[in-house]
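What follows is a pair of complexes built around chain A, which joins chain B in one and chain C in the other.
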Partner chain A sequence: MTYADRLHPLTVFLYYIAILVLTMTATHPAALLPLFFCAVLLTCVQVGMKKAISGLPLALLLILTVTAINLLLVHRGAKILFFLYGKPVTLEAGLAGVSSGVMILSVILFCACLSRSLSGDRMVSLIGRRLPRLALLLRMTLGFVPRFRTRYREITDARGALGLTSERGAIQKIRARLTDLSILLTLTLEEAMDQADGMRARGYGLPGATRAVTEPRSKKDAWLSAALVLLLIPALFPLFSGRGEWNWYPLDPAALAPDLLLALSFAAGAAIAVLPAILEGKETLKWHILRSRI
Partner chain B sequence: MTSFRPRVFLLLFGGVLALFDAFLWFRGQYRLAIPLLAFCLTLPALIVFEWRKSGARELAAIAVMTGLSVVGRVLFAPLPGFKPVSAVVILTGLSFGPLAGFMTGAATALLSNFFFGQGPWTAFQMLAWGAVGLLAGLFSRTRFRRNPVLLVLLGAIGGALFSALTDVWTTVAATGTFLPAAYLTFLISGFPFTLLYAASNVLFLLLLTRPILRKTDRLRSKYGLFA
Partner chain C sequence: MAYLTVSDLTFTYHAAKTPALAGCSLSVGEGEFLLVVGRSGCGKTTLLRSLKPALAPYGERTGEVLLDGTPLDQLTPRDAATLIGFVGQDPERQTVCDTVFAEIAFGLESVGEDGELIAGRVAETADFLGISHLAPRKISELSGGEKQLVNLASALALRPRLLLLDEPVTRLDPPAKLRFLSAVRRVNEEAGVTVILAGHDTEELFPLVDRVAFMDGGRIVSVLPPREFVKAADHAALPFLPTVPRVWRLSDGNGEAPLSVREGRAWLASLVGTDAATEPENVPTETGSAAPLLSAKDVWFRYGRNEPDVVADLTCTLSPGEILAVLGPNGTGKTTLIKLLAGILRPVAGTVRFEGKKDLPKAGRGGVAYLPQNPALLFAHDTVREELDEMTPGLADKEDKIADVVSRLSLGDLLDAHPYDISGGEQTRLAIAKLLLLSPRVLLLDEPTAGLDPVARGELRAILRELSATGCAGLIATHDLAFASETADRSAMFFNSKLTFSAETRRFFSANRFYTTQAARLTRDRLSVAVTADDAVSALKRRGGKTV
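Entry: the complex of A and B
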């Protein structure tokens, strides 16, 4: 059980949404780099060092591809490195490409961490109260996915036992598969109708229904939400004020001048992003210590 | 009162999101603004879906079709670009109408990405598949429903739309703005894949239309669905 499993799904979700918004709007390298390190740290904590390192070549490939795309497609910038087919290839485009690649990688890592912290089921329970019909649709579909598989096996087994799938030849085989699928669809649709009638018989759609899934809120949720709000105010300051906006074309050395206010707001953003890693990592560490004692 | 609150919530949520999106646009933060815009464009259909009081049977029928396309996408995962998703979404639209088509497409993108990986691209996939289902749904009450020309057209449009929308994300993610020249390059370099999407859509549609429409029509008349 991870730390996020014990929190209310809304707390976890809001943290990740805040981190994703901060990452996707981070233009300043000093804002992006800490967020990137947090993404790597969180991934290492969640999947373990070995697995994280095995994903390294793919990550590098992504950054290199994005850099190459920028070098080849964006021709703005003052420092021209060389000309390719009469089009200038600029230093700025390369740097912007590296920064783009790092940002995309961070977003992908954070998204992967989000789906590891919040299962699809808990994510659906988040919208359950506000969007009951959509939540029900998603939940029913999630139920149908494994059911399709078991039903399909039952159908092929039954038809195989009856000797109906023993035809030879590719076209006959495809035809047999299509018949299996067709039976599957009929069976599942009829089953779904029965399920819907059962729901109605038990009072689906009547007013005054209560929720089947109850996610308790603890004191931890309150503390973490309060921390999130307090940290978000300074962290979102650059986005709303436009201060510290970074331009790659043209690169302005004055933008690199130290700025206490900006540094504080970037630190606040990094603090939001590092919190999940610290909380999860603490649990993992404790787990290892306790286990080694036994 | 209980049936009223979700509507108010959705309208408020959509309004705040749209305002935030406009602000991001004004700031030049296209990397977040454009995926958010794609998500905002799926909201009207979600609002209408939540708003309408259709029964449990309709919901169950949509859930089955969504489940079928999710399973199809997962089963065909080893073959890149060759997926039955658009075909199933189009057939749902042709069977159950525009809203059911949109919901099947959008929910398929959302749910199957729990297997394939969520990200900002989910919004574009939701929009692309949803729009194809919606478009197909517009023909659900016409007599061209089984017309092969319409099926080929819908399959091709489905493939092209999916490419066009996901390439918007590729462009914005890679370059940080929406450069038309870069977008064009992505479209051209991705053209073989677009062809593959369209061809697989058409193939699946030609194979599946007769059996699936027969079943859904029977279901509709037997249970009085989507009347």
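Entry: the complex of A and C
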């Protein structure tokens, strides 16, 4: 049981959406870096230090790849490091690459955290209240995908064992795969007919369908939502005012000048992002203390 | 006053020549438990579906169905959805949602129950069926038996007064079957719901039901209480009797028909006395007479590095002409074992050898052929003929080979039918025909009897024995103990990731006390242990019992 499980899914969802918007629009290193640290911190809290460290090589690879691509494709910037195939490779392009890499990594980490905090059916129940039809479609798709996958595996296994799929030649292989897919389709259609029966048997399509209420709202949700709104106003200020926009090409030394308003707004953004980590971390800590008392 | 009255119901499917239901009349009392038996395609499913407006098939219909005095077609759609519950055969195909909670809530949401009340209704229903713990689980992670209980729960959540069950347990293994049927019994006895169950797994049902209806060719031939049904059973109805009453009917047939093993043993004691026990005949087992065709040695397998072993240190051999039954509940790894032997999966450690060679012959031809549990997985074409053609590309004597398997598996009348339109037993026969065109030396069959009626099971048994006589070896993974006892030379139990206690079939079933056939349970300590119904009948006849 994590802290997020005790909140209404809407609260959790809004927090993550806010964090993701802030991260994706952060161009200023002073805004991006705290968000990045929050992403790492939250990941560590959710999956544990050991597992988080095991993902480090992949994270570095991601940042390096994005940087390398940026270096090779963008040749703007004043500080030329060296020439590659007659094209200048600049410091600014490198820094911009690192910055984009960090941003992309943070977004990926936050998305993974969101999926750990909100399971599929909680997400669906979130939509279900307003859009019952869409929710049902989503639920069916979620139930359908694993079935589709196992069924395809069974077909290729069974027909492969008969020598019907591994005939020589690329064209024959493609043809065999297409046959497998057509069997899958036929079986799925047959299944869909039974499924439709199962739905009709239970009154699907009658007017006035409702949704089960499974997620009551608590006081905590109200407090946290209020905090989010209060913090979002300053945090979104740079986005709407255009102030604090960062440009790598060329690097403007004036942008590095201290700016109190901007610092406050970045701090508000960081506060939103650090809140889930603090709340989850508190939970973990509480468990450790409880356990040590047993 | 009857709760449900069917009068002279005749129904013909669109574009069909003969009616699927021909003048069916039936009346079912409130709270009654009615069992409907009959061959696949006899009209059981059509009858059941005709009783549920949302599922009623399209076609021409005459006659009348009254539910509590109201004609079915005059029920409001909401009443039709809530008053009549329906659970079908395939546990996988009826579920709609991803989680169990959502699935059980589905019907309540559809009929517009108050959102705040739904969770309570779901909880109550799940608790009654003992599946509360499954509520947060994903449907795709459940076993077949659990899924079927969820299907029952989602029908019950709407609080039906009539429950229609169409072959609900044919796909389940014995423990899951018992769990499902005992849940149905509670629904009937404790909640007073009227139940109509169609199916041919009658073994556990006869002691439970009030009446048994026998259908043949779209007609309801008879509707009788179980004991009278046993007494009156004619040649066509005999295969549908459970083992105990069948043995009684074929040997003694006097007095009251026994329905359960307990009653059957009391009857046997009165007939032959309790001290008549003879030791099981010692059948010499011929082992190692021929070089094994297919062998697995010290095989280990798991699906992922950190996952548990599904097969651990398993050794088994298959000699030419031998049929081995691998028994055990679903989900224990029988299918994995078959896939290892078929070369679909590679063992993590250990070896699988075919004729002593490590390499399995490439893809089936002249080697090992695999029949999946759902034979339809193999069908890719529009007619049975094309399905067979597909297996023999560019062979010179193609026509002869096809003609041969068509006659051996009696597919002659089906050649132009669509593989999806033929019955389950016919699909199994077609799939075996496809395998035989590869001239395999070993057949690996995964649950071949799932969904087959008793007559089709008998046909399959005959086909397998005939193949065995031509030197083809077979391995059947099954939880159908009666079928194994009648078909296999050797039986083994798959337990704890390996084959435990492998023995000659008669010895296997006579040595086991609990994991054995009804016939063995019936005759233990009374007669020389008979493991099949036929054995029991002939043993009784030898003792001078009366014959029918």
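Observations on the model:
The definition used in the following text is that the second predicted complex is superposed on the first by the 226 of 294 C-alpha atoms of A that agree within 3 Å, B and C clash if a C-alpha of one lies under 4 Å from a C-alpha of the other, contacts with A are read in each partner's own complex, and residues count from 1 in each chain.
The definition used in the following text is that contacts are C-beta pairs under 8 Å (C-beta built on N, C-alpha and C of every residue); 3 or more make two chains touch, one makes a residue touch a chain.
Please read all numbers here as calculations on a predicted model, not as lab measurements.
Contacts of A:D252 after superposition: neither chain B nor chain C is touched. After overlaying the two complexes on the shared chain, residue contacts for A:M140 are found with chain B and with chain C alike. By the touch criterion stated above, A:D5 is placed in contact with neither chain B nor chain C.
Once the two complexes are overlaid on the shared chain, A:I69 sits against chain B while remaining clear of chain C. When the two structures are aligned on the shared chain, A:C111 is found in touch with chain B, with no touch to chain C. In the overlay built on the shared chain, the residue A:R202 is in contact with chain C alone; chain B does not reach it. Judged by the touch definition given at the top, the superposed model places A:T210 against chain C, while chain B stays out of reach.
When the two structures are aligned on the shared chain, A:D157 is found in touch with chain C, with no touch to chain B.
In the overlay built on the shared chain, the residue A:I183 is in contact with chain C alone; chain B does not reach it. When the two complexes are superposed on chain A, the residues of chain A that touch both chain B and chain C are 120, 132, 136, 140, 142-143, 147, 182, 186, 195, 197, 199-200, 204-205, 207-209.
Residues 120-121, 124, 132, 136, 139-140, 142-143, 146-147, 154-155, 157-164, 166, 179, 182-183, 186-187, 190-191, 194-195, 197-214 of chain A touch chain C in their complex. By the touch rule above, chain A contacts chain B in their complex via residues 21, 24-25, 27, 66, 69-70, 73-74, 96-97, 100, 103-104, 107-108, 111-112, 114-115, 120, 130-134, 136-138, 140-145, 147-149, 178, 181-182, 185-186, 188-189, 192-193, 195-197, 199-200, 204-205, 207-209, 239, 242.
Of all residues in chain B, those touching chain A in their complex are 1-3, 5-6, 9-10, 13, 24, 27, 29, 31-32, 46, 49-50, 53, 55-57, 59-64, 66-68, 70-71, 74, 103, 107, 110-111, 114, 117-120, 173-176, 179, 181-182, 185, 207, 211-212, 215-216, 219, 223.
On the chain C side of its complex with chain A, the touching residues are 52, 54-55, 77-78, 81-82, 85-86, 88, 90, 92-99, 101-102, 105-116, 118-119, 122, 138-140, 151, 154-155, 158, 339, 342-344, 362-365, 368-370, 372, 374, 376-380, 390-391, 420, 434-435, 438.
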